[in-house]
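Chains: A, B, C and D, in written order; residue numbering restarts at 1 for each.
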Amino acid sequence: MILWALAAVPMAGALVCLLIPRRQAVLGWIIIGSAIETVLAVIAGVGVYRVGSMDACLGHLALDELSAFHLSLVTGIFLLSSIYARGYFNQEPFDPTRDDRQARKFGALWFSFLGSMVGVLIFNNVGLMWVSMESTTLASAFLICIHADRLSMEAAWKYLIICSAGIVLGLLGTVFIYGASVSAGAAGEEALCWTDLVSHAGQMNPSLVKIGFVLIVVGYGTKIGLAPMHTWLPDAHSQAPTPVSAVFSGVLLNCATYCICRFIPIVAASTGTPDWGRRILLGFGLVSMVVAAVFVLVQRDVKRLLAYSSVEHMGIITVGLGLGPAGYVAALYHTLNHSVCKTLAFFCAGRVGQSYGTRNMESISGSVSACPVWGSGLLAAILLLIGCAPGAIFMSEFMIVRAGIAGGHLAVIAGFLAAVAIVFCGALRPAIHMAFGDTPEPVGALRGESTVMRGCVVAMTAWLILTGMWIPAGLTAVFQRAARLIAGM
Amino acid sequence: MTLDALITQNGAAFDAVDVPILSPEQFRREILDGVERGLRITAYFGERIGAAKTSLVCVLADDAENSLSVLSCAVRDRYRSLTPDCPQAHLFEREIAEQCDVIPEGHPWMKPVRYQSVALPIPGGTPFFSAEGEVLHEVAVGPVHAGIIEPGHFRFQCHGENVLHLEIQLGYQHRGAESFLETAPSPRSMAVAESVAGDTVIGHALAYCNVVESISRCAVSPRAQALRAVALELERLSNHIGDLGALCADVGFLPSAAYFGRLRGEFLNLLMSLTGNRNGRSFVRPGGVTFDLNDSMPADFQARLKAAEYDIQSAARLMFETPSVLARLEGTGAVSERTCRELGLVGPSARSCGMPLDVRSDHPHGAYRFSHIPVSTVSGGDVYARAMVRRIEVERSIQFLEDHLHDMPEGGQDLRNSAGPLRSGRMTICLVEGWRGEIAHVAVSGESGVLRRYKIKDPSFHNWTALAMALRETPISDFPLCNKSFNLSYAGHDL
Amino acid sequence: MMSGEYSAILVLVVITNFYILNTSRYIISARAIALQGCLLSLLPLPDAFAGSPQAMFLSAGTLMVKGILMPVILIRAIRSTDEFRVAQPFLGHVASVLLGFVILVAAFWAGAAIPLPTRPHDVLMGAVGLATILTGMMIMVNRRKAVGQVIGFLILENGILILSLRISRGLPFVIEMAILFDVLLAAMIFGGFIQSVHETFSHTDVSRMRKLKG
Amino acid sequence: MTAWISEFVPALFRQWAFVLAVSPILPGVVAKTKAWVAGRQGPPVIQPYRDIVKLFQKGAAYSRTTTWIFRAGPVISFSAAMAAVLMIPIGGMEAPLTFQGDLILFAYVWGTSRFFTMTAALDTGSAFEGMGASREAVFSCLAEPALFLGLLTLAREAGSLSMSDLLSVGLIRIWSIHAPALCLVTTAFIVVFLTENSRIPIDDPNTHLELTMIHEVMVLDHSGPDLALIEYASAVKFFALGALLVRIVYPIRSGGFWAGGAVLGIGLLGLSILVGVIESTMARLRLARIPQFLAFAFVLAGFGVILTLAAA
């Protein structure tokens, strides 16, 4: 029942957006709709952890510990971004005749985007999961170029083409997995249901599964932003309106990682050894980290810097997924930390950028004094992102390193640490430059500030620092139960 | 903006002494300024005055303001050439040099335009552009050609199949048309005017008649004006359709070629019904026209036009929707809008570069003053664009004719008024949009009803250079196609 | 259906690929895509005659979406941008056709390596599917204009349909339909995007969009 | 030895007589078809015979710059054509001249003919003819791989390198197994056929535009009997390559030489009409696009090879 509701709220939300005449009302409705969805997701999540996984619609819709975790994260970040969007868009120049229509369009696409991501998470059938993933691309492409200027158009086109082509390879991989499933004796729709796939993965034709898995990693990896398929990511993230960037970086990438997680147990079971699939993930993860580390050094645009940081963190998560059960826990923890932290970073960067009228890091300086909340938020977010010590991200990276050393992947860990160190140095300098130094004149005043939003920033920062020092036991349990699913137990 | 020039209009006569005589330097600056502002040199010629003096006269057309400005200056035997700063003057200056023995100093490429006098080298007897290099080769074509066409020499500098440069040498057909017309109007001069270019009989005859009527202040009845427009459009139609057919034949696309070939005949036959011959000769005469349409003919014409229009539509659709034809036409022999502006192209060639130039709407005369034809422009400047302009113009001309025939002005006995003797010392500029483009006739009358100076400018005079430019970096095998797409007149150029 | 006809359909699919590689006119490419879609809709027919109503629906759905709707959307997008003219691809036509041939050879070699052939045409089908996928990718990379990339994408998508038929006689019905719907949606969004790109840039030459780097 | 001669010589002359009698009608049929499609009357189908007779009755003009090569060109190209037709089996019978590998001879005899036509053209020293020769060289170079790949497919399936075996009734068996592959090869051969015979869309035999011609520009300077030989040789070439195509499409054994010849003749008429229709519905390709077209033919033939290999 609650699964139906989860699916229905975004659809209804999108329709309602199209009917609302005024821009302010649309922006308000977005918050309300996301809040409803978040409440539903949290209720469902709590239910899953209390009672166990649930399903609906003849097993087509299902929610287990892994998807419940991601679902809560997705809806939570969406809610925060919706709140932020209101303030952010009010700062933009106002054009009543055009903006009402644009806001309606934005709202409808925003909800479709949310809906398709929820779809990815609640479909039990990996085929439908693919369909939802492809829909996220279609729904979000227009979000990037909501302002329809040349740069955002270019970014959106790149995003649309690269991700569509990439995700189609994911379909091909799914087809191979389906072929393997049929070879194991399954038939009809069940042959692609995840639960059934896992249960008879042992009888599947290993070579079909292997081909399929490689294609899946490449396909969904495009959407994750793994190098060398990452080229769309910096453009799309930097050109999209900031709330959209936050959602992209904070949850869209996670959804794609989630898709890969679903296939890990199948590969492990059918090839008979968990190592084969893990090696692929380690490889892609490390390459992404190194590429991102190199590009972080040469960035000037603050949002591009954050985008490359996303590539790096996705690499970290992928490496974590390649390190076995201990790595799964760390990767999931890192997923949470990265989402919260990157969202925070984009929020602050967007507001600071609006205030300075530029996103060029060299032109931004002294933001801590010019706009205290956002400037110090940005500093804190970047410091946390690059893994400064008393932070959640430091903790999760530390857990990954520990898992790697425990698993004997010393070379991998060496590369991992090197990349993290480069990013640390590369991002520290601009962060300090942006935060301190002389404030150039004039810095525009920010309109549409809300106490709620400032509160959110403070809360998010606090959360990140607190969980870095002390992880609540409940949270650990969540990660462990989700990791058990990835491990196929 | 004060311009030291006489502002006049198409077909208006004025006293020749009213034309301001500027100093050579001022003259030069005025022309350059004008061209800078977007005016075109429509005619530029010399007239000998006295023993060692030549008066240079330049007519600039302001297409936006529908006006013409005339300015002149007197030079002795040399002056500073305009061509380096204003490329569209290049051929005019070469022509002046051989007609009046005035040397434009600094002209980059002084060569004979025509075979004008024994003192000067003959066309083809002077060096050509040449390119040196191991991998370059030269191809010479003409003046005698494989097909039954007029004489002209083409010299290609090629790099493999691609043309680096094409130089066109004409002038083999020079007959002295201008000097034949520098007399009092007579039946003979009418025949000369009609033979300036054999395929533009109506156009040149009309221009000549406009000149005579304007100088002798002879009024032409509305019905005669209307009939002239009908004849002019029929000439345009038959030639445009013939060109479309020839383009198809050149790319080896037979169905449309055969179709257009037959349809061209339809329009020639219409012209014959109107004028008594398929070329439209002896129809336009000073003071009016020689034949009228009787009561039943407009309806008959309309019916025939309707039928032809339907056939043209289907043949054109076949041509413009066959991929193999389009592949040949598109992107072949492109002339950029800038080149078009610099060379001062006219007619369909200019309109295919997106320049809305059309005498019928920019400088309307006769019947075009009352009923307008929309200007048809296409962008791209390639063979496709030139073909497309013709196709659109065919449609619009037929539309124009149908409307026009529907309400022809009533006419009485004044179909052909008598043009009196020419008034002396008058000058006039008459522009006509022939099917190839702007035909300009400029005349100055002398004493006792004689035309003292008669200057003819056929549109080909501007457009030949465009063919050379179109060929650059184009495979030499596309030359015939490009040539056909311009379909310029050798005789009109050579006069 | 007889075996010769079945392989003839696959051969025709490959020929349409080459035809698209060879042409520089987008309207014609779009028509070739339509033809390819129609050919694809014939592929599930043997199963349909063998008594599978789902295969029948799949065939009808493919015909509807890939044979009719998508090409119509594409052609409308091309017409709206007013750019039917030749845009030289990065790699010349001769080179791309020859590269397509190399891809074909490679696809035959690799197609034979796909495990589990069960039916007589599986080798050919696997090869054709792979060749179509690779050709689609090549076209996406090689074309300058937005429309060209979309055409490449649609060919890629067609290749995956063939390969899915090869591997497992098509995905489960519901999913196949969902994918078709998704692809249709994608085509519509691509079409809309091409128009917006045209409005914003007044051309659709993707190779000239290179402001975003690094 | 004598028995062989008594068998070979009549067969030889019978073949020549047939080819010489039939071939000139084919261009006539093409012209008639084109005229008919365009709604014209057109020249009579026997016009090529008349032209050849007329040209033989005329004298020839030779430029002072030319040498013996210029005069040898037409003779050699005609002789080559006559030699090549000896390898064509008519009606499924053995050809007068047949041995293992005559396939390659068949292809290269045309090469010789082309070589001498080109050198004769270059011998004139005219820029036009030089251009024509260079174009001919490039395009025949590109057409040859397609021809060879196609023949290779057939030879592999027939298990023989002889034209007579290749085009025997064994083809029916190959059709039953490799129908798609043979269709591809046939299509490629049609392209090669159009190229070798300089027909639209490769070349326009009727154009008078010397700058765009390929084959015709090379023979601009020939006149009289030389031109007649060239015209005759090109008709024979049309016949020979056409016979190959007709045989592949319609590989039925029909009793005896004359019955087979009749079938072949009808097939060639059909082919001529097809060529006429193609010429009437297509524009000529831009010169720069011809390699693309030929590459397409090559790919088709290559695909045929792959299909037969994959099926094995």
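By definition in this document, contacts are C-beta pairs under 8 Å (C-beta built on N, C-alpha and C of every residue); 3 or more make two chains touch, one makes a residue touch a chain.
Since the structure is predicted, the reported quantities are computational estimates derived from the model, not experimental observations.
Contacts with subunit A and subunit D are shared by C.
Chain centres defined as mean CA positions place C nearest to the mean of all protein CA atoms. Between B-D and B-C, more C-beta contact pairs join the chains of B-D. Rounded to whole angstrom units, the spacing between the C-alpha centres of subunit A and subunit B is 68. A straight line joining the Cα centres of subunit B and subunit D is 48 Å long. The distance from the centre of subunit B to the centre of subunit C, with each centre set as the mean of the Cα atoms, comes to 51 Å. Between the CA-based centres of subunit C and subunit D the separation comes to 37 Å, rounded to the whole angstrom. Shown for subunit D are the residues that touch two or more other chains, namely 289. Counting partner chains per residue, subunit B has residues 327 touching two or more of them.
Taken residue by residue, subunit A touches two or more other chains at no position, since every residue touches fewer. The list of touching chain pairs reads A-C, B-C, B-D, C-D.
Interface residues of subunit D facing subunit C in the complex, by the touch rule stated above, are 179-180, 183-184, 289, 291-292, 295-296, 298-300, 302-303, 306-307, 309-310. Remark: subunit D residues 34, 37-40, 127-128, 130-131, 135, 200-201, 204, 206-212, 279-289 touch subunit B in the complex. The part of subunit A that touches subunit C in the complex is made up of residues 125, 127-128, 130-131, 134-135, 138, 141-142, 145, 148-151, 153-158, 160-161, 164-165, 168, 171-172, 174-176, 178-179, 182-183, 188-189, 191-192, 205, 207-208, 211, 234-235, 238-239, 295, 298-299, 304. Against subunit C, in their complex, subunit B makes its touches with residues 323, 326-327, 330-331.
Partner subunit D is touched in their complex by these residues of subunit B: 137-141, 146-147, 161, 248, 250-255, 257-258, 322, 324-325, 327-328, 332, 475-481.
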